[in-house]
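Let me begin by handing over the structure; questions about it come next.
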Amino acid sequence: MSDDAKPVPYRGGGFAPRPVGLVGPIVFALVLGLWEAGSRLGWISPIILPAPSQALGALADLVETGRLWLHVSASLQRLVQGWVFGALLGVLVGFAAGLFSLARAGIVPVVAALFPIPKIALLPLFIIWFGIGEESKVATILFGTFFPTVISVYGGVDNVDRNLIRMGQSFGLGWFSIVRKIVLPGAMPAILSGFRISASIAIILLVAAEMIGAEYGIGAYILLAGNLMATDQLVAGVAMLSILGLTVSWVLGRIEKAVLRWR
Amino acid sequence: MDLHISDISHSYGATEVLRGIDLHITAGQIVCLIGPSGCGKSTLLRFVGGLERPRSGRVVQIGEPPAGCLNPLTYIFQDFALLPWRTAAGNISLVLEDHGLGRAAVREIVDDVLARTKLTDFRDALPRQLSGGMKQRVAIARALAVRPACLLMDEPLSALDSQTRDLLLDDLLDLWLRERFTACYVTHNLEEAVRIGHRVVVLSRRPGQIREVVDLDIPLEDRLDHPEALETRRRHLWELMREEALAADKELADV
Amino acid sequence: GSALAADKVVIGALRFTSHAPTFIAYEKGYFKDEGLDAEIKFFQAAQPIAVAIASGDIDFGITALTGGFYNLAAKGALKVVGGLYTEDTKHNGMAIMASNKAFEAGLKTPADIKGHSWAMTQQGSSFHYMAGMIAAKYGFPLSDISVKPLQKVGAMIGAVKSGQVDAMAMVPHVAVPLDKAGAAKIIGWVRDLGDYQVTTIFTSTNNVQNNRDKVERFMRAYKRAIADYRAVMLDPAKDPAATEAMVDIIHKYVYTDRPRDKAAGPIKAGAVYLAKDAALDMADLKRQLAWFQAQGFAPKDLSVDAFVAPGFVDSMN
Amino acid sequence: MSDDAKPVPYRGGGFAPRPVGLVGPIVFALVLGLWEAGSRLGWISPIILPAPSQALGALADLVETGRLWLHVSASLQRLVQGWVFGALLGVLVGFAAGLFSLARAGIVPVVAALFPIPKIALLPLFIIWFGIGEESKVATILFGTFFPTVISVYGGVDNVDRNLIRMGQSFGLGWFSIVRKIVLPGAMPAILSGFRISASIAIILLVAAEMIGAEYGIGAYILLAGNLMATDQLVAGVAMLSILGLTVSWVLGRIEKAVLRWR
Amino acid sequence: MDLHISDISHSYGATEVLRGIDLHITAGQIVCLIGPSGCGKSTLLRFVGGLERPRSGRVVQIGEPPAGCLNPLTYIFQDFALLPWRTAAGNISLVLEDHGLGRAAVREIVDDVLARTKLTDFRDALPRQLSGGMKQRVAIARALAVRPACLLMDEPLSALDSQTRDLLLDDLLDLWLRERFTACYVTHNLEEAVRIGHRVVVLSRRPGQIREVVDLDIPLEDRLDHPEALETRRRHLWELMREEALAADKELADV
């Protein structure tokens, strides 16, 4: 090789973040460690934030008194009911909006107008409409999950490859067959990612829902802690919600993997 | 069953796409449609298949489709149009499920068409696991499953690389020799047209009008033995197309 | 005004008639007279006022003694310096109400509340304490009342109006019109349950320790306003002209969304008894703390002395 | 033509909802009309829901007393500040997560853990951290908009066509040039649709934010109405939020049209 | 400036993609790479352009690129890779902006390359307004703007219809006759290869190895006058490819 030969300069790579194994857990550990240290050394006043160990203590208290399960099960029940019905209704209405011009023209503006209404603003009315039992709590979560589900479902239906639908029609498939076998699976990725959002919202709304005469529930626990300014319990409750959120997102991830194996 | 296209014109909004198309597709023959990009070939094919309705003119079928035909006018699409969430076999059974044939009958048909397209080993593969050529063979198998009277093919090979394309064109020829199906075959590729077409219909650029109809009288099975004759036809078609393409390439395609 | 820069004080307030002395002292310049440059910050709920004092955002606040208050006080952030709204046997105060449905079913007196549901804002709130007072007075365990935390007074009213909760306690200017309109029934008064000092005036520990003089000046001004208020509002018939003038002052802050003539009624009806010279009812404070501790809403080792700063006002007992 | 000729059956069409002009307004008018009629005829008790005309009356009172503008301007200010800072921070952090492996590994799990925490649960802590002034209100909205923005931005960065990036690299464009001229415009559609979501959330959080010592603001107005069970004012306030939401969505639609003209 | 590829091997995870590739690209010549789908042609081209690094082996440039050359190794992509939010002129100026040439100089270069690719009238058109052929011409103009020493073309014409492809191939030939650029040209299309290549390198199916190197000694400008010679070469290449394609089409492509 001649001596004015030089390798071609490398200029590719990058722009493709890859999973870096343990960084997530390390970040969490670091944050918690610093926080604990700060609390112990008095840099973080207990009024501002309790130490993680204190929050852990509050959690341990809950476990000991056996109330953890009471709170968690009450919340889970509301969450599951509200979310399932909200999501189901949302999927139905979203499909209607995705498939029929008239339904879309009616549904879309109504959803746009009602979505930004904060559920806590309506609590007094919810009490009158649905009472102070489980209904109003479930309804709060239901309303919160319904609207984003509608939006993501009709977006998903819109995004189904029209070529596949034309293919179905060209083979004389019935309308219902096309919806069931082509539109539904085609919209599934969008529906599932809509579920991710609505599940987060449902968890967020737990606190709002349990404002209404709830004795047990993570939200009620947090509210009580807030009222009593028991910041250790407050943080413990918030951590429970966080863990709940991570769990739900993990479960949905599994479901996604199973249902969308074909991708 | 013959197809007769009479005086079809169409426009989308302000763009006139087709103007006064008259065409007869005789049973057992392959009619190739060629023409520059955007001249309305796909649109015309959609009219023929009943997927869309033209502004004026009509498409009629003359005579009954043969018995046992589940879907007289059957498409094969350029992008295969396979459901990505169904296996090869599932994609084929899809078009049979609505006919109430019973499980065993469906399975039998699926196995038969998979065998005819040499896909038996891939019956449970998902589309993403298949190469382009195999995907299009699944699409062809699916079309055969409904025993069509007429195949409507919209650039069925143009998404494939040239070797695979050649192989698949041979397959299609074999198939025609055995089954003598009717077909309307849209293509950009003049070689394909002169190899598989009984007639080649040349459309002008948009608005598409019939510019010339070239009949190729050499039987399909003998075509490869007459390379010069085919080359002459190809040259002729190429000359027709070249001016159109040159002109079309100079226009802003604002869609 | 004085040539010297006045001391700045920030007062947390709710738009309730029971906060009237704050508005009177401000409007009549009593704070200025004491060399205080006062600013009023409004809140939607009492709880954040206590939190805001703990965080140093405001200097003085007036709220009921709630679980949240005790827990903040236990962290050494707050000090009570005076009393304010007190239930008095001869004056307007909180009413105990039953829903129409429950009333018809036999809930006619506070003693009947045993076994019924009770609407309140939050656990460990003053409404919760009132349920405790009822239970104590009529000798049944608090667990015989099923308490419903509904977060907001509006939600309580809605729940009782629609018959979903059987009973609640309510401020007089809301209770009386509800009763008149037939939406719910007044079945008794909190004042009949025993002594109860509902709200206190409090400030930050820092103020008590390092700005004692400022607190003293504030309390002087505040006592003048209380005296003005007591002179007029506790007996509106005595001097109608003075009453109307005071209503004008209060209307600047309370029911501002309603025209003056529509607001005057509720303002007058909401005029509760305020302790003379902001005197503290130490015996009741001890009683209250004991109850909250028994319920687990206040730290067990907290004592009244730890959060009451003596010397600014007299004690009633 | 022979007489056994018959036209090819039509089997296409459908599955393409088209805008049906006036249906939206008609639906709104219908719902409001029925509601008003129901209220007037006594089918809907005023306890359950005030008539629209009553809510309109409450709104008119606001206009008359000149307080409408006070409320709206106070809320708008918080909304704009909180949303702008939240979105800005979210875009920055989202870009970091979209571009750097390490940043992504740290940011994604933290966002997943903190996103489902309801802002109202943290109000007591917010007061301690940010005081009772505008800071805590702005912070509430900021936190609410930050997390969804991060998620949609890094999703958008992920979705930028890698071929375009490789093209930039193959022409020796600098890293910063690629980010500015290729990644940013490529992620713009996702960023804008993220803004749509975060703007809705910001409006929803207005009520929570104005729980903290707010004198004026639509949220404060609603809260006061809720406290006094003044349902007419409650509905009026909620309607204001609705209109605000529709307005914001319309403005974002315009911006989208302008910025994404190239699509 | 010559390019020398020595002993390149590569695998992605468990799939071996390339094995022991040695190749020399002489300045002023067009080397065509052909091979079945998935054999690693694009991967090899990425190595040559420095966009990726092979597991083993290396690519060196011998001699200095000519003066005024802004980007010695310049790609032309199959999918054009135009920024949809920039006009034709904007897409070209994109690759000049980082070189600190000054506004006037950039504008001059842009105007010049637009004129050379007959796109002057479309300088302010957005990509979506352009036909496929025009888009690829913009991409070519962009590549010319940086005065490359060697053009790396990855199936530059395969996204176009056959007429447009032919027209653009003529344009490329014209360009070469005027500018005598060096190029590495990946294609599936054997006709393209025999029309534009000085050498044709045939890769085997995955893992890609060099199967044969065919030198075409007829000067590019005279190619059209020797259709039979070209056809013979094409046939030869076709035979080489056919078996590979047949075998490749029988494998599950699980990606």
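Residue numbering begins at 1 within each chain, and the chains themselves are lettered A, B, C, D and E in the order written.
Keep in mind that, in the parts below, contacts are C-beta pairs under 8 Å (C-beta built on N, C-alpha and C of every residue); 3 or more make two chains touch, one makes a residue touch a chain.
Everything numeric here is computed off the predicted structure, so don't read it as measured data.
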| item | value |
| --- | --- |
| Contact-graph separation of subunit C and subunit E, given in steps at minimum | 2 |
| Taking each chain's C-alpha mean as its centre, the one farthest from subunit E | C |
| Dominant chain pairing [most C-beta pairs in contact] | A-D |
| Subunit A and subunit E: spacing of chain centres that average the CA atoms, whole Å | 48 |
| Between subunit B and subunit C, centroid-to-centroid distance (C-alpha), Å | 84 |
| Whole-Å separation of chain centres (CA-atom averages), subunit B against subunit E | 31 |
| Residue list for subunit C, restricted to those that touch at least two other chains | 47, 51, 54-55, 152, 154-155, 158, 161-162 |
| Where subunit D touches two or more other chains, by residue | 11-12, 47, 123-124, 128, 166, 169-170, 172, 223, 226, 229 |
| Residues of subunit E engaged with two or more neighbouring chains | 49, 51, 73, 128 |
| Each pair of chains that touches, named by its two labels | A-B, A-C, A-D, A-E, B-D, B-E, C-D, D-E |
| Subunit B to subunit A touching residues, read off their complex | 49, 51, 70-71, 73-75, 77, 79, 81, 83-86, 94-95, 97-98, 126-128, 142, 146, 152 |
| In the complex, subunit E residues that touch subunit B | 36-38, 122, 125, 128-134, 158, 161-164, 166-167, 188-190, 241-242, 244-246, 248-249, 251-255 |
| Contact set on subunit D toward subunit C in their complex | 47, 61-62, 65, 67, 123-124, 127-128, 131-133, 210-215, 220, 223-230, 233 |
| Residues of subunit E that touch subunit A when the two form their complex | 3-4, 46, 48-53, 58-64, 73 |
| List of subunit D residues in touch with subunit E within their complex | 163-164, 166-174, 177, 181-182, 185, 188, 262-263 |
